[in-house]
Amino acid sequence: MTLELFLLLAAALFAIGLYGALSQQSIVMLMMGLELMLNGVIVATAAFWYFVAPGGADGQVLIVVIITAMAVEMAAGFAVVTALYRARRVDMTDDAADLKG
Amino acid sequence: MLSLIVFLPAAAAAVLLLVSGTAPRRVFIGAWIAVSAIDLALVVAVWLRLVPGGGFQFEQRADWMPTVGISYHVGVDGLSLPLVALTAVLFGACAVFALRETRRVKPYVTLFLGLQTVSLGLFVALDLILFFLFFDLSIVFMYFLIAGWGHGERARAAALKFFLYTFLGSLALLLGFILLYLAARPHTFDIVDLIAADPLAGGGVYAALTLFAVGVGLAVKTPTVPFHTWLPPAHTEAPATGSAILAGVLLKMGTYGFVRIAMPILPDTWRQFALVAVVVGVVSVLYGALVALAQTNLKRMIAYTSVNHMGYVILGVGAAGILAGTDEQARQLATTGAVTQMVAHGLITGALFLLTGVLYDRGHTYDMAAYSGLAARTPVFAAVFAVAAFASLGLPGFAGFIAEFQIFTGSLSAAPVATALAVTGILITAGLFLLAVQRLFLGPLRIPDAPGSPRPFADLHRSEIAAIVPLLAVATVIGVLPRFLLDVIEPASRALVELVAR
Amino acid sequence: MLLWWLIGVPLLSGALLAVTGRRADRAAPVAGVLVAVAVLGLAVAAADARPVVDAPLLLAGIRAGFAVDGLSALMVITVAVATLAVLVFSGGDRDLRTSRFVGFVLLFAGAMLVTVTAATLAVLLMAWEVMGAMSWALIGYQWREPESVRAAGTAFLTTRFADLGLYVAAGAALAGGVGSLALAELPSAPTPWLHVVAAGVVLAALGKSAQLPFSFWLSQAMHGPSPVSALLHSATMVAAGAYLLLRLIPLLEPTGWAGPLVAWVGAATAVLLGLVAVAQSDLKQLLAASTCAQIGFMVLAAGAGGVAGGALQLVAHAATKTLLFLAAGAWLVVLGTKQLGELRGAARRFPVVGVTFTVGAASLAGLPPLSLWVSKDAVLAAVLERGWVPLYVAGLAGAVISAVYSAKAVWFVWQPVPARTPAGARAADGRVNAAMSLPLVVLAALAALLGLLPTLASGSLAPAPAVWELVLSGLLAAAAIAVTWRSAARIGAPRPLASWLGLERAAHAVIVHPTLALARFLARFDDRFLDRSVDAAARATGAVARALDRRGEPLVDGAVRAVAVAARSLGRLARRPQTGQVHQYYAQAAAALALLALFVIVVR
Amino acid sequence: MASIVLFWVLAVAALVFGFLVFRLDSMARVTFALLASFLAVAGLVLLLGLGYLGVVIALMMVIEMVIMAVFMIMFMMNPAGLMPMSMVHNKTGSTAIALGTFVLLAAGILLVDWPSRQGSPSPDPTFALGEALMGGQMLTMMTLGVALFATIVATVVLATARGRYDRLGDDLRAPRADDPAGGGVGR
Amino acid sequence: MTGASMMNENPGALIPELLLLGGAVVGLLLGAWLPRCRQWLVRLLAAAAALAGLAATAAAATRPGEVAFGTSYAIDTLTHATRAIVLVAVLVALALSVDATAGHRRETEFVVLLQLGALGTILLGGANDLLLLFAAFLLASVPFYALAGWDKSTLGTEAAMKYYLSGAFLGVAMLTGTAVLYGVGRSTAYGPLREGLTVAPVAAAAVGLVAVLAGLLFKVGGVPGHFWVPDVTDGTPAPVAAIVTTIPKIGGLGAMYRLLLVAIPADTIDWPLLVAGLAAVSMTLGNLAAFFQTSVQRLLAYSTISQVGYLLIAVAVAGRAGLAQPALLFYLAGYAITNLGAFAVVAALPSARTLEDYRGMARHRPALATALVVCLLGLIGTPPTAVFVGKLTVFTAAVEGGFAWLAVVAVVNTVASVFYYLRWIAPAFRSAAEQAPPAVLESGGAAAAVSAYACAAAAVLLGVGAGAVLPLLSPA
């Protein structure tokens, strides 16, 4: 159990999430990718707290912030998808690409 | 006093904006003429009260942005007052000439009044930012005039090019100003303070870059070869009054910048690179004259002669920066000549452009090949044009000669070869103006049969005479009795030469 | 004050008349003559009073100075007389009774008066140039004729080309420390500048005087009205060059080279243009070439330092040549021709003109005891005094040649009237009116008697010609006349001589055409290249973009095409990332951020 | 020792389930794979001594994933994975970027000289967290609170098709809400 | 430095923020009970709150700077200026959106979301701790996502989707960066973070910084976080576009300035060069892409990207040029007012979407055309408008801070930008063939037009009166 191991794990989760965010057509799946990336960030933050700065509470607060952010973004994301779906019956990013250039 | 002179037209424009656009056009143009007359009277009053050699006078100074060393600072001296007067005269002439304008008179007049404020303001500005403000706004107003009242679609393209090109120049100028500002301790944009401080004494790369930026900015506006390519299309497509102001006043902003800013604030660097100015000046002289010679379009031709005439100015100010082998009198003569040339060119070329406007009004083309023998139909027009042409080619008795003679004699010791080359410019301009007069007015009669003919090919109208002849009259007075002008310029140019030599 | 009046009266009244235009046509001839009389009176008074005035002109040192000294006194009177004669004569020509003509003549005369009274180079140059411009206006007086207009242009441009010398001279004088530009101080300029000043002055003078190689403009100038030619060729314009050289002999001396150069040019012109005159079949052309040749003697005098001889020659020639041109003009008016062949018998039909013409021609030929006989020998005496024998010989040759062409002209006009009227010539029913005859008679008297001037003002001519010289030249002239009289009809016209040595074509080939070609090339360069390369940088960058997007359609806006095309390509390129696809945004953002992080790490 | 084993188990679980998120076809399974990954991470957080946060993560994620599952089924085709299908684009590019990122991060992680540990965990990390939240980071938490409030407003605005004026009339005076499908407690 | 002694949880220091929050909450509640056509009360309340907030800001600005809530919130000139600019922008946005939103069934929510987003933006500007920074980022983002999709049109929802996805992705990046910076700097508070970073491994710190900046660049719409800007601006109604391209920038740039200046030692990471590069790329890309746009909103969108580039110059020289902060803040103020003015013109002519639609505008709507010209020339930086003074000070700061090359790039870009602004102005002044105003030039209402006049006038007045404003913006 070292910092590097945790960070490698975090990086791996981050990369998987990034792959998902980049490759998924469905907005909800894409959001899952983003969640997974944040998952990695949680790991990294916890590890940093433990291995680098256990004396303060900043790391812990950061994790709280991350969790809140996940929740907020999930909610916002679902709302956007709902609105989009109502407006144009699509839930794929590729199908909503009228604005460009 | 100066602020009144500067802002009176703008105030009038603001009032006119409130007048309904459906009011008779005489109201607008009459107001413009009245404002110009008042302005001119005020300028004359200032002229009479000016103490030659007394440095800056009628100064007004108020803090504007003290944290960045910017103030509202205006004043005149012998270098700027002649140009202020020139501006007032030219705008007055254009106002009278505009009596025959029928298209959208309200915005036309308000734009011109705005431009008048801007032009007057530039010549009295004693703060770099104030100077830049007017410099930049002149582009904006002129853009609208060219695009709005020029000759159709090409006018917009020309206006766009004019805007982009000169705007680049103005921003280069701004960079130069910033460099000057940063060089001065304490930081300031005030021209008088900067002259006194001489912040970049001793030269160096920084100073060279500063001069380069300022120089390019001014050279674009002047314009000198190779920055002149915006000029011919802008002139060709602009309305006659716009061309007259563009050539008569706006071009002077560039050359005035040299004598007001580049030379006194950067004396060491100016001396270091004076030869560059001389070379640029000579190239502009010859290039402008030669290219003008090959033109078939009358307005383009006159536009290129502007390049030529402004080249003399650059030659003069360049020579004023060469100390080796020259005495102060020669440098002073060159500087005085350069300032005189600004005035002379403004009057004469302004008149010429108004005359081309008359030609276009009658024949709807600038192509010289379309006309011949007009003197038979329009003797007054022919005579006035011939006078203007001879004035422009530097005939003694007109202002242009006084200017060019001083520049040549003053510059020869500093740059003998260059000056000798530049002298041939007056021969080429003589040739091209003779050719133009010959093509247009002499020989058998021929008039273009534009659509809508037969049209009477009328001689000059009274309002046109009233606009053009005074310009030439002033040019003649300067040519015959130059002292009243030189008495004002000479002390200032002496001071300038001393500043450059320090 | 007198002097101000002297130059002010003709200039102002001339300008007034010229500006007034047609409205004053009726009164113009009379007004012109009155002014000319007044000027003559002022000139005489000035010649007597020798006034000196000046006023500030440019910088403190450079003033508008005027002075009348011996040489100037002579000149102002000559100019005034010639002007008066010309104005009186032209009053008899219907075509010339306009205020425009009278105004220009007065302006022209005024400019000449300023030239000869100017004490500083600045004023001299001003008047000098105004004179050139007025010559343009006068030669091109008949502006509907393309030839006269072209001739006017040639005259102005050629003389202005030479005038450039004066500009340079003025600059060099200032550079040399002659801050006042006073003519009298010019010789004191230090060496490098002294030579420049002298060269400039010499160039200007030779051009104005139509000396080699500038002679051709005078040929062209014959397209102007005859009175104009009379004025131009006698006391003004061409004489101005000679006057300037005479005035500035002190400047030529110290250079060492200028005197001999000027002398040689003068002698060469006297000989070569004399030959040209012999070859002419047109009376006015003949007279024009003879003017060059005669002025050549004055220039020769200046080169040799013979002020008095040169001045005498100038005055005598002025009277003679005014007379000759006016006579030719009179014939032109009444007969409508100036071809020698068609003028056969003209003198018999118009005896007043014929006699006066003959007197003038005899003077021109150098027949004793007429004026030019004396003056020419005065010039040659000055040359001989220098010991320049070759030049003396050349001068004599010139004198002989002048006798030849004078005789040729006279021979033709005294031939019997041909039976049939030549086609194209006007029916010979015209009369020479009093306005025309009067000046002819007066001038004939002057031309004949001016030779006595030096004897009147005794001792003023130095060096005076020796008796043998006078005799020699008189004999030579007589002999030449005798020979010519018999062979006049057979004198050939070799091409180079008839065409004025091809000088004009040479000028065109060497100067005009290259200049025009250069101008056209530069104009094309300006349009095609410089304009387009307004933003070469943008184009260079745009090359890559264009490779990506070849569809760049031509823009309407031709003027900013190059920039616009480049900008459009770049603009398209810049819009390419904006695909509308979120996943591509993501990929780009991710890649960009990674690059940024690497960048920051690397630069550290 | 046990903790090391536990670490590896949880780490591998987090990765595998995370990987499965983008490999499975069924939306429900995908959601639960993600949840499993989150739970593994929660375990790791617990392992590092952050008991409170670990539990919070677990609870939050369970709720979130359940909601997500509902959404998946609502909106997405093929909710039950009845037919295998791929809904990806730019797979190569994504893979390359993801792998590249990982390689760079891993290289960085291994090469960087991380700071040494300073201080020691307080005896009760949860108490420290609470103190921070009520102390130095109070404004952060308040902001997050407002953000949640904003999120509520925002989601309502975005997600609801009918607002109060649709239901109760423009002056909100309608006696009964005009709903296409009746709702509320009184149903 | 630590702990309770400095602890300042006095809510009085946050009156402007609290007023905004209160306005939003009360407005939401109020709106729930108001008839549809009386929702303007909510707008009025919001305006009152903003005005009161301005007064409070003015009062607070007279007091010396302080740090509130531990060390997480700095109240200094930067914060005051951010508050003032944002509140003014809110007022303008409230005014110019009247025509488009009055009487809409979600008018209340529009106002409330605007207030909440503005609140988040102000907090961004004052944040002195990475955690608060991110929280504020969240608060400044979510309401604007909703505003983008507020009209529920197909384009609007697409815009909201893209806005949201960009924000989510770069928000993740920002959190990642926060974690990494925390990991190498041992703290999230700026002061201690700076101490930690001075000895931190460069590579990790750089990654962290770039990732944090990614989020802020998203907020301000700078490269590479700019992808949403054109799409969102083009797809939303003009008032919304005006809001999302103006308000977030104010806080985002303030946050960036403070973060870099206070927390990141330039010795460890060469952030001036990084930001300078971003500035150059932003302005160039924005200008180039704007060249041949035909949609006015898209054109303005790209123009805002380029404006961010100029603004970033001031950030790049933070701490190295005395003028950096006043330049940034003044430019921001000028930009905000001018940009809002341009959008107000667009809002006043809701049917005119392309450049060609503006043909003949000068004839039929002369006053509005004048306002447009003033605003567009203002965006170019023509004196004496506010943006000119902004550019002047920014260029000066750039040269003073050793980034003369950046000033040159900016100058070239400014010239290039003239081209597309003129492409808009030119047709407006071209005479339309027909006498009657074309249908596309029909007015959308008086409020937007009046806002446009007011903004145009303010842009000029602010420029002319810069002398009075600039001294207030220098660091205390």
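Each chain gets a letter, A, B, C, D and E, in the order it is written, and its residues are counted from 1.
In the analysis below, contacts are C-beta pairs under 8 Å (C-beta built on N, C-alpha and C of every residue); 3 or more make two chains touch, one makes a residue touch a chain.
Labels paired with UniProt names: A = NADH-quinone oxidoreductase subunit K; B = NuoM family protein; C = Proton-conducting transporter membrane subunit; D = NADH-quinone oxidoreductase subunit J; E = NADH-quinone oxidoreductase subunit N.
Keep in mind that this is a model prediction, so the values were computed, not measured.
Q: Give the chains in contact with both chain B and chain D, ordered by label.
A: Intersection of chain B and chain D contact lists gives C, E.
Q: If you check the contacts of chain A and chain C, which chains show up for both?
A: Joint contacts, listed by label: D, E.
Q: Mean of the CA atoms for each chain, then the mean for all of them together: which chain is nearest?
A: Centroid comparison flags B as closest.
Q: Averaging each chain's C-alpha atoms to get its centre, pick out the one most distant from chain C.
A: Greatest centre separation from chain C goes to chain D.
Q: Where the centres are mean C-alpha positions, what is the separation of chain A from chain B, in Å?
A: Result: the chain centres lie 64 Å from each other.
Q: Using mean C-alpha positions as chain centres, tell me how far chain C is from chain E in Å, no decimals.
A: 74
Q: Where the centres are mean C-alpha positions, what is the separation of chain A from chain E, in Å?
A: Chain centres of chain A and chain E, defined by C-alpha means, are spaced 26 Å apart.
Q: With chain centres taken as the means of their Cα atoms, state the distance from chain C to chain D in Å.
A: That gives a centre separation of 99 Å.
Q: Show the residues in chain C shared as contacts by 2 or more other chains, in ascending order.
A: Where chain C meets two or more other chains at a single residue, that happens at 575, 578, 580, 582-583, 586-587, 590.
Q: Enumerate the residues of chain D that touch no fewer than two other chains.
A: Within chain D, residues 89-90, 93-94, 97, 101, 105, 114-115, 118, 137, 140-141, 144, 147, 151, 154-158, 161 contact more than one other chain.
Q: Residues of chain E that touch two or more other chains: which are they?
A: In chain E, 131, 135, 138, 142, 145-146, 149, 152, 160-162, 165, 169, 183-184, 186, 189, 203, 207, 230-231, 419 touch at least two other chains.
Q: Applying that definition of touch, give me each pair of chains that meets it.
A: The set of touching chain pairs is A-C, A-D, A-E, B-C, B-E, C-D, C-E, D-E.
Q: List the residues on chain E that touch chain C in their complex, please.
A: Touch residues, chain E against chain C: 161-162, 165-166, 169-170, 173, 202-203, 206-207, 209-211, 214, 223-225, 227-228, 230-231, 268-271, 273-274, 277-278, 284-285, 288-292, 416, 419.
Q: What residues of chain A sit close enough to touch chain C in their complex?
A: 18, 21-25, 30, 93-94, 97-101
Q: Residue numbers of chain D touching chain C in their complex, please.
A: Result: residues 89-90, 93-94, 97, 100-101, 104 of chain D touch chain C.
Q: Over in the complex, which chain D residues touch chain E? Could you list them?
A: Per the touch definition, chain D meets chain E at residues 105, 108, 111-115, 118, 135-141, 143-144, 146-147, 149-151, 153-158, 161, 163-166, 170-172.
Q: Quick one: which bits of chain A touch chain E in the complex? Just the residue numbers, please.
A: Residues 14, 17, 21, 27, 30-31, 34, 37-38, 41, 44-45, 47-48, 52-53, 56, 58-59, 61-62, 65-66, 68-69, 72-73, 76-77, 79-81, 83-84, 86-88, 93, 96-101 of chain A touch chain E in their complex.
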